[in-house]
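Take a look at these structures.
Each of the next two complexes has subunit A plus one more chain, namely subunit B in the first and subunit C in the second.
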Partner chain A sequence: MSGQAVAGAISDPHAQPAALLEFGHVTKWYGTIAALMDVSFQVGTEVVGLIGKNGVGKSSLMKLAVGLLRPSQGRILVGGHEAGSRRARAMVGFCPEVDRLYEDLTGLTFVAWMLRYHGWSRREARQRSAEVLDELGLGANMHRPIREYSKGMRQRVRLGQALAHRPRFLLLDEPMTGLDPVARAELTRAIRQLPAQGVGVLVSSHVLHELEAVVDRVVLVHQGCLVADGRVAELRDLLPAQPHRVRVAGPRLRELAGQLVTWSQVQSVTVGEHALEVWLTGAPGFYESLTELGASWPGGLQEIRALDDDLASVFGYLVG
Partner chain B sequence: MNTLRYRVDSFRPVPAVRRWWPLAAREFLSLFRTRWGLAMFFLCSVPGIGRLVMLLIGFGVVRFGQMRAPLPRRGPGTLPELDPLRVEFYIDPVLDVMPGMIVVLLLSSLVTARAIARDRMTNALELYWTRGISPRAYLFAKWLGSFMLVSLLTVAVPFVLWLTAVLLADDWSLLTETAAQFGLVLTGLLLATAVWTGICILISALCSSANTAMVLWSMLLVGSSALGAVLGTLLREPWLASSISVWGAGAVIVRTVAGMPQANVYVPGAVFVLGGLIALLLLPVLRRLRLAEAIA
Partner chain C sequence: MSTLRAGLGWIPTVIESARQTAVLLSRRRLFWIAAGVVALLGVCAHVVGGRAAERIDGRSMFCLLTWWLHSTVLLPWTTLFLGVQAVHGRIEDRTFQFLFLRPVGRIPLLLGNWLAVVLAAALAGGAGVVALFAGVATRPERWLPEGLEWRLLAIFLEVSFLAALAYSAVAVFFGAYFRRPLVWSAFFVVGLQMLTANLPVSAGLRRLTITDPLRRLVLDRVEPNQQLARGLWPAERAFNPDMIGAPVQDLVLFTLVCLGLGMWAYSRTEYDSRSRE
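Moving on, here comes the complex of A and B:
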């Protein structure tokens, strides 16, 4: 954007604040019901996943971050500015889950109007809207009315209006909804590019395996409390009570099982038709030992795969 | 999807008007975006067009055989609302129930009453409030856009008709004799339109659906007129008709501002009804728009 446009973030776009989004001991009450209790976390120039079951406070957290709600206690800063202040709002791009589009407008007009509410001139707004919609793959359809769009195209318009004013921080609520697999992969790739441009992203999704492909770390909210914050692998290692499960495939399974049960990390082994399922008390050292064994095993090992190190498993272990 | 050519932009403050004016302009233009809207606007313009034709015939620009009436030489018995040399000719069609109220009711129901209720229905309010627009600015911009649109018919049309008459008249006497009063008339019309659209936009802000807002606004405008007429007749207090009616109270204010003679009216009552209604609606609207919650 040249000249007049208002968007983005703080005075110097290259100045890196300590955290782009900072929740400091935030509590939110609705009457006598606590939606969030003493939640603290930070998001820098990275992609962070917000996960939790329905009704645990994810929406409230998003609304607080975008400035639509005020915390009952605590403080929320966006790029060092109070959430909801004009500077903070200019820094944030919000992609809501619910369809909030005007059916009679074209995709281009809708995004351009949204940009104008940030103070962009008509010419700049149209130019930037066309650019962002083109980048999101809507170039050929941006002049069609939104009512004629598919779910995936509507999702791109929503994403376009969040990105158009070049915000420094993006809040994406279920951004994958309605996208076909190819578009999901492309969107994942696009989101992954953003931290390199100095942009922080907080993304929520119910599809945990897709979220896992996008995020650097996750923030898990349950019953209004933040129960976990970190990389998926780190979180998994913090759950010693939950045995790791590993699938091992190769020849001579019974003989292999006999060897593995003697290892200290192995709790039990289940022999299947084509593979073993190994239950571990702890992962450290196991994979190295198994790789060494595989190198000398007659016929070699065909598959070594962790079955519960993914986000869905961690989520399940943490919130039951 | 192509590669995102993304870069973060720096924050440069702009005047608030540059952020809310596009919203007001969008509201103003909303009716003109569709053929159906254009047709509705044309329909609402028919009374004004009719008056224009009367003017053109009256001043001899258009001749239909013997229909030309030499207006400047009309006798004292001519009805003021049919005499282009009198201010009443230009404002009575706007202030009368038929066609004035019907036109305003139609236009405001289609645009003003839907303005905020539709955004609430589609959950678009949150999207606006994550922009550079505060809830108060949003409410103001929505009202301003609707006000400008309705004013086209309630203010601009009488003004254009009067200006046409001034230019068509044989001399400048119409201008010299009515300019001052017509200025006051336009001020009164602007004020009344602002109040009518203000009440309508507040109803829109209170309702959860556009249809509910349209029905409530129609009921208020027509119902209060009917109630005023009935009570005025039953209680033998004719001033009640113009004081209770939202439409009539607006007309009273216009005529008072313009210094026109009025019978059976009670000006403080009209002001109290309109002012009270706005105050009554404003408080729940401020809560409903969560102005206290959203950080302006």
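Moving on, here comes the complex of A and C:
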């Protein structure tokens, strides 16, 4: 799988509007149940992670963005066009989570069939489909019927149909599902290259540490509401009620703990066998002071590591 | 560096959708079962031709067999099943998502599905008619003294084609609108059509069926004697040609209404909505 699968995705990156995807006060009702409530956010030429527990409205949000659903209230624009309009659909690539394909077709034929509707001739569609599937690592298997595919191969076909028409905005619903570690790493790399080519990406995943490696920022949805939108570190700093935890390892732990508890930023310190776990009331100034202390500490400090500044911790703090 | 394409035009989308649907249908097991049934029909007609009472001539035998076995049972069920599979099958297995993401309208996609089903049903139906005709034609003693009446083959091919058009439209509508389209198909064929077959000729409910105009078309084209007319339309004891009306017009109107309703449902329904689950 290589980043070339999506190369040349746009004609003129400079012609992009600021926001490739724009949700404006979007509400979606299913009968009397609200799937999304007054959701507003924008995605430009960047990779944005969509996170939330199961059933909170992530898939509904993605389907609204690609026009499979219509908002009950509010407005969704894709590249300045109403979501679901022909122009918007021409710009969007969507890799759905649902694992259903035309089982009797080969992977190549399936992608080529979808590409035909974008206005590609049959010959062009087959050529481009073969190119994309090859870059996605399907190789010679693209000529086998889909019903014989493994989960990872099926996922590559779904990705292929999303990428083949060179979309300007890509929505990936659980794109890592079924991929082996090598393919995951390659897909991660490929997604990271997209913004440089003028492509915006909205990606959802349950594997938060993998998502964290890909995204520029995250949008967190909980019970149909958008509860956070920003970079992970920024979001973490907005949670003062949740003390930061830092692991500090080095010699003379008890003595070090005695020093640290006197600092204003430190709430408490737990002395472990090989390291300290420091609970902070606020991070500003702490790391600078600790670095200075480490420079003068006999034997030096061997490890300074934030334990809960990652996406999983932020997610846990925000939605329990 | 390439540019984004705006998508296929309306008519190319219909053609492409029809092509893709036809390929998918040709790979369904039902298509091959239908081929087997067609062969069986020919054998069946030949066997019946050898065993039926001598007073039944080849003309009546072919008309009765084709009408009761083919046009009112096999063809409707095959067409409805193929049509429901073509439209609702993709909704049920959610592969419609891949289609609805493309920059083409849903109406041409649906019309393409309908055309493919018409083609498949007309081919299967036509093959059935030919098989039945061949089965009865291999009993030359039944066609004496006038000899084989090729006109009947053409009449039932026409009936078969019109039936394929109309039943496909019903299947497309049911597939696009209902969550249980095969149940509604059963209600339509077994319930509504059987019920109306026993109603007076003037009953307005007859306009909501396919069997009724098809039967009138057969009676009009075949020009049956009273005995054959009774065999084709048992509920109507005193058939007269004034009852025929304009069956082709009725069928075309019915087909257009069903297609219109199907297009309306297909273009506006949120098939992915959680409220449908």
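Convention: the second predicted complex is superposed on the first by the 306 of 320 C-alpha atoms of A that agree within 3 Å, B and C clash if a C-alpha of one lies under 4 Å from a C-alpha of the other, contacts with A are read in each partner's own complex, and residues count from 1 in each chain.
The rule is simple: a residue touches a chain if its C-beta (ideal position, glycine included) is under 8 Å from a C-beta of that chain, and two chains touch if they have at least 3 such contacts.
Remember, predicted model here, so these are calculated numbers, not experimental data.
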Clash-or-fit label for the pair subunit B, subunit C on subunit A: clash
Which of subunit B and subunit C A:S60 touches, first, second, both or neither: second
Which of subunit B and subunit C A:G31 touches, first, second, both or neither: second
First, second, both or neither for A:D229, with subunit B first and subunit C second: neither
Touched partner set for A:G119, first subunit B, second subunit C, both or neither: both
First, second, both or neither for A:H165, with subunit B first and subunit C second: both
Touching partner for A:D134 - first (subunit B), second (subunit C), both, neither: first
Partner chain in contact with A:E46 - subunit B first, subunit C second, else both or neither: neither
Comparing the two partners subunit B and subunit C, which touches a greater set of residues in subunit A: B
Which superposed partner A:D216 touches (first subunit B, second subunit C, both, neither): neither
First (subunit B), second (subunit C), both or neither touched by A:Q193: first
Touching both subunit B and subunit C, residues of subunit A: 8, 10-12, 63, 66-70, 86-87, 89-92, 94, 96, 98, 100-102, 104, 113-114, 116-119, 161, 165-168
Subunit C partner contacts - residues on subunit A that touch it in the complex: 8, 10-12, 30-31, 33, 35, 60, 63, 66-70, 86-87, 89-94, 96, 98, 100-102, 104, 113-114, 116-120, 161, 165-168
Residues of subunit C defined as touching subunit A within the complex: 1-8, 13, 16, 20, 24, 27, 93-95, 97-105, 270-275
Complex contacts: residues of subunit A adjacent to subunit B: 1, 4-13, 63, 66-70, 82-87, 89-92, 94, 96, 98-102, 104, 113-114, 116-119, 122, 131, 134-137, 156, 161, 163, 165-168, 183, 186-187, 189-190, 193-194, 197-199
Touch list for subunit B against partner subunit A, complex: 1-14, 18-20, 22-23, 26, 33-34, 122-124, 126-133, 293-295
